[in-house]
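Chains: A, B, C and D, in written order; residue numbering restarts at 1 for each.
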Amino acid sequence: MPITITAPKAVRPSYAAADNASDDSDSDASSDNGAADLEGDIPMASSRRKEDKSYSIVTPGEVITDDPQWMRGHGTFVSPSTSAIVSSVAGTITRTNKLLSVRPLRARYTPEVGDLVVGRIVEVQAKRWRVDVGASQLASLPLSAINLPGGILRKRTETDELQIRTFFAEGDLLVAEVQQLFSDGGAVLHTRSLKYGKLRNGVFVAVSGMGGGSGVVRSRRQVWTMEAANGAGPLDIVLGVNGFVWISKHVETPEALIAETKSATTGITNLEESVSTTMYSSQNDRIGVETMREISRIRGVVTALVENGLRVDEDMLVRGYHEAVEMAMLGEGPDDIYLGGERGEQLAAALTGV
Amino acid sequence: MADRRRVNGPVGATIPPVFEDEDVQVQATQRTTRSRAPNGIRKMYLKTGVTPSASGSAYLEIETSGKDGVSGLKLSCTVHGPRSLPRLSPFSPHIILSTHVKFAPFATKQRRGYLRDPSERDLGTHLEAALRGAIIADRWPKSGVDIIISIIEGDQGRETSGAQGDDTWDMMNALSGCITVASAALADAGIDCVDTVAGGVAALVRGSGENDTARIVIDPIPSEHERIEAACCIAYLPARDEITNLWFKGDMPDHDMGIYSELVQQGIQASKLANRVLVESLGETVK
Amino acid sequence: MAPNQHVLLSPAELAYLHEALSLTPPIRPDGRAPTQFRPLVAETEILPGTNGSARICFADGTEAIVGVKAEVERTRGYHGDDEEEGGEEKREQEREGQDEWVELTVEIPGYREDDASTAFLAAMLSEALLADGGFAKKLWINRRFHWKLFLDIILISPPLSYPLPLLSLTTHLALLSTRLPRLKSEGDEDPFFDDDWAAAPYLYPQGTATTRPPITLLVMAVGRNIIFDPTKEELAVADVVLAVSVGEAATDASSTKGKGKAPGRSLRLLSVRTVDPPSRVTPPGVPNATNSAYGIAASAQKQPEARTVEAQAVEGVWRAPRGGAKPAVMAALVQKVLERGGVADEVLDALDAVELG
Amino acid sequence: MATSAPQTALAIPGQLLGSASKYQPGPGTHIHESNLYSSLLGAVHVVQPAKAPGPVKRLTKITPAASPAELPTISVSRSGVSEKREILPEVGNTVLCRVVRIMPRQAVVAILICGDTVLDAEWQGLIRVQDVRATEKDRVKIYESFRPGDIVRAEVISLGDQASYYLSTARNELGVIMATSEAGNTMYPVSWKEYRDPETGLGEPRKVAKPY
């Protein structure tokens, strides 16, 4: 069946919190002392969240509480005339001790120092690149913040400035770390580590980052290598905190190469030089058919997770991938790597059912 | 779509006069019939370098069908560039191609405005697709080229009525002329191309007789045929045997795919013939 | 400039995509089969103020709505003093439509209404609709009046992929759900209509042996593979992209005569257009051999940014395609759409299954 | 430089020139399926490879550094076909340009002549303060080197950003070659850093190109 057309569904079932949320707002609207209800609600909501089951959703302008014991955090404001804390975004309430904040359901990525991000070059300037990381502003990557070929410690020269486009050009994808933030929220990136740099040998997929539960979340590991099924060999996965995901054929990391060769041969500088040669390459290695299939399958898992409102992190993705491989093996006919529509829902159900 | 820059007269308020004297009655009933062979195109005149101030230019005229009051197609094309992009435009590793096709207000029976109407923009998009396949865009980074075509005279008879639905077929003829003339102007401007692209039209026509079977002709003149069932306009690169633009319109049952292929083949044939003129004309400019 | 123009992909991504899509069978980034469409969610008659309407959305949030509105308009150029007594037969023959009775506008957020790409989309959709000449005839009321049909096609979301198939399928459903009030007047008098909406007949009568509105499908080729419903990324490496409009003729006996095949739909090819593939304006990759940022040789090289030298293709390095497509490839694309039991057939089946109302 | 071999006649775009194994592609040609085709309307030139590098001081056109340098280079040039031929400034080219605007950190120029070709279109160039001269770079001041209206000989050093080519005058023979004084007279150079007005006798500072 090449095409499926379905009628719209009333409510997406994945987060059954809709009932709770509407209850909250109903009580707010109907009763004058709704705040008192709510006060009781907050700990409830957070205790529920511990079970990872439900959320209470507030909308902009909705009074969260007028009890002065609470402090306002992100996503809230205090109206000038009263002391009530009002939500300024649509999202879920988070309570940290006495601090109330609202995490938006959908938001652009807000960079934080130390975040590992995947970005795309959109503009090349005289001494820096402008990088799209899915935030409200373009991040910048100064020429001084990258590793130059021919040894990490090489001094930046004028020639480098003139040939800035040979390192990164418009459209290039890179993995980098947020080094610094400006007061206006703009981020400065750096790639001064061998694990950062230009991306190749794989596919890119952008999902919403940092949303209310779905998308990529900050976690212990954003980058890992996993063994793929069907003899496809190891794959590298980069989950940018900003929701940009890169899935590629595993390439021996430069660090590993160095460690390997260091013991065997001589001076380190030479090695680093030889290692850094591929740093700015835009030529793909030879990639096997099986590897390509598994890369597509993982990409399918990522989109299926997001479409069904699940978070994307290492645990979910690895479990999801194994589930997907299993699903494909159980299914009749040739191995199907497609994970959209119903198959995606099946996958999500299998994952949440555990 | 309103002209925001000047005050115009009422749009579309004029209706072209309908003459009802006897002569026309006679002419209207006696359609001129096609005297050319089905696989022959009209004679055309092509000359490059007609506009000295432009980087490249060409002029194309296609023979009239020999009937009074019917003019052939007359096209003029100027190419400006390669030239630098506007200051604030982003970096481009390729040449940026922009095409403008404009009918002169007096080119067709129904007067056209000064602004490009949707059909002219549509032609421009077709032309862009046809040319983009032909040029080698990465030879000219950070530059742009404007290709401007004025259709000075459309290929329309005075007494063919607008409501006949011939419009699209006229557009196809115009497009094929645009492709050929733009290709000549590009070569004149010295912009790298993989080949000389030329346009050609083929149509499936049906005569007026009851039991006339449909036949395929190339370079059709809509007024010469009782009914055009389908037509296609092809932009073709002869040296590479590749099509850069294909525009087919008509109504063709799925079991007539053979006819469709034949139509495309004939379109290619028409394009090859036009290309011969193009090559000849380019050769002459050098002497 | 098509709406798909500004796809920014890195040369490495393009090289990967092109290689994956050139395999037999191709591996699409989202794992779909070559002829498989993205799942759609569709509903009709969503706008009570229109004569017909529909909405379709993709899982990625791309969403289009179409509203069809009809107004009575005086037919231009009618000379009212013809006094002949026609009779029904003659009147039926006179039933003729004019293309200008249909006005189709497309709106894409972020694009001006007079943008060339929008004009191209609108021209493509209306071309298919009017191609058989039969559609405008449906709008004939009498010799003095006709319906003027306004089709407003609006993409609600930003164009995440080339919106043509989405807009076309939505238009198809909207037209299927379109109803015109039942005429109560007779002859050439000023028309008046039955105000009972339930009695209003469909513009495309329900049932089997009738025509259906056309659909326009986007097909692309990479190498020898033919791929349907391409995404933005896939289009960025396409060798050739075609928009093929297909209609369905009334299944009368004549069209199937002499054919031993099982009765299927009798499809009609209405229009084919090349869509300028965005692959031609993608940034080229640099082979390692000539990459000055590659290796230690970099600092020694004198001319870091000398113009790309004409060279043979290198494996794993993206190069924007030049030239066009072989005629055989073009023909195969159209054939694949039209073949019996092929994609167009199945898409029409799926659309038929959508409940009206 | 090598001498040109038999001057073949005219080529039009798409014309087959020969096998890619027999020639190296030069300007105005392209490779398609292992064959060389013309991509311009112009005259065909075949240039035999130089036997020895020879005393070529100027940076020559880049040829692929790959080994088969023994193959003759085939190219199609517009010269002789049309006096109008547009070329793009390339890294290493010497250009003549007019100063349009000066700013503390850079001078904006319009490139008029590239090599020996008069350009039809105006390409914008940029001379940054550090590229004005080779020595004492930190003491260079743009307004003591260029003034709007000056004609400057410069070398292209980079494709630059989206708008401009980067130019350098950091060699003796590069710099201002024609300047007009504030009084409006054409001046003559008196030293490596000064032009003088013949009528008023006043000197004005410039980055002066060493006359040939």
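Everything below uses one rule, namely that contacts are C-beta pairs under 8 Å (C-beta built on N, C-alpha and C of every residue); 3 or more make two chains touch, one makes a residue touch a chain.
Fair warning: this is a prediction, and the values are worked out from it, not measured in the lab.
Of the two chain pairs shown, B-D and B-C, the one joined by more C-beta contacts is B-C.
Legend note: the chain whose CA centroid lies nearest the centroid of all displayed protein CA atoms is C.
Rounded to whole angstrom, the centroid-to-centroid distance between subunit B and subunit D, based on C-alpha atoms, equals 40 Å. Rounded to whole angstrom units, the spacing between the C-alpha centres of subunit B and subunit C is 24. In terms of their C-alpha centroids, the spacing between subunit A and subunit B amounts to 50 Å. Between the Cα centres of subunit A and subunit D there is a gap of 48 Å. Looking at subunit C, one finds that residues 283, 304-305, 307, 322-323 touch two or more other chains.
Multi-chain contact residues of subunit A (touching two or more other chains) are listed as 123-124, 162-163, 165, 169-170. Residue positions 30, 32, 88, 158-159, 161-162 of subunit D are each in touch with at least two other chains. Those residues of subunit B whose C-beta lies close enough to touch subunit D in the complex are 49, 55, 81-85, 87-92, 134, 136, 139-143, 187-190, 192-196, 237-240, 279, 282-283, 285-286.
Of all the residues in subunit A, the ones that touch subunit C in their complex are 1-9, 120, 122, 149-151, 157, 159, 162-163, 165-167, 169-173, 198-205, 273-274, 277-287, 289, 292-293, 296-297, 299-300, 303, 307, 336-342.
Residues 10, 12-16, 28, 30, 32, 37, 39-43, 78, 80-82, 84-86, 88, 120-124, 159, 161-163 of subunit D are the ones that touch subunit B when the two sit in their complex.
On subunit B, the positions that touch subunit A within their shared complex are 90-91, 93. Taken together, the subunit C residues at the contact with subunit A in this complex read 8-13, 15-17, 19-20, 23, 27-33, 35-43, 56, 59, 228, 282-283, 285-288, 291-296, 298-299, 304-305, 314-318, 343, 346-347, 350-351, 353-355.
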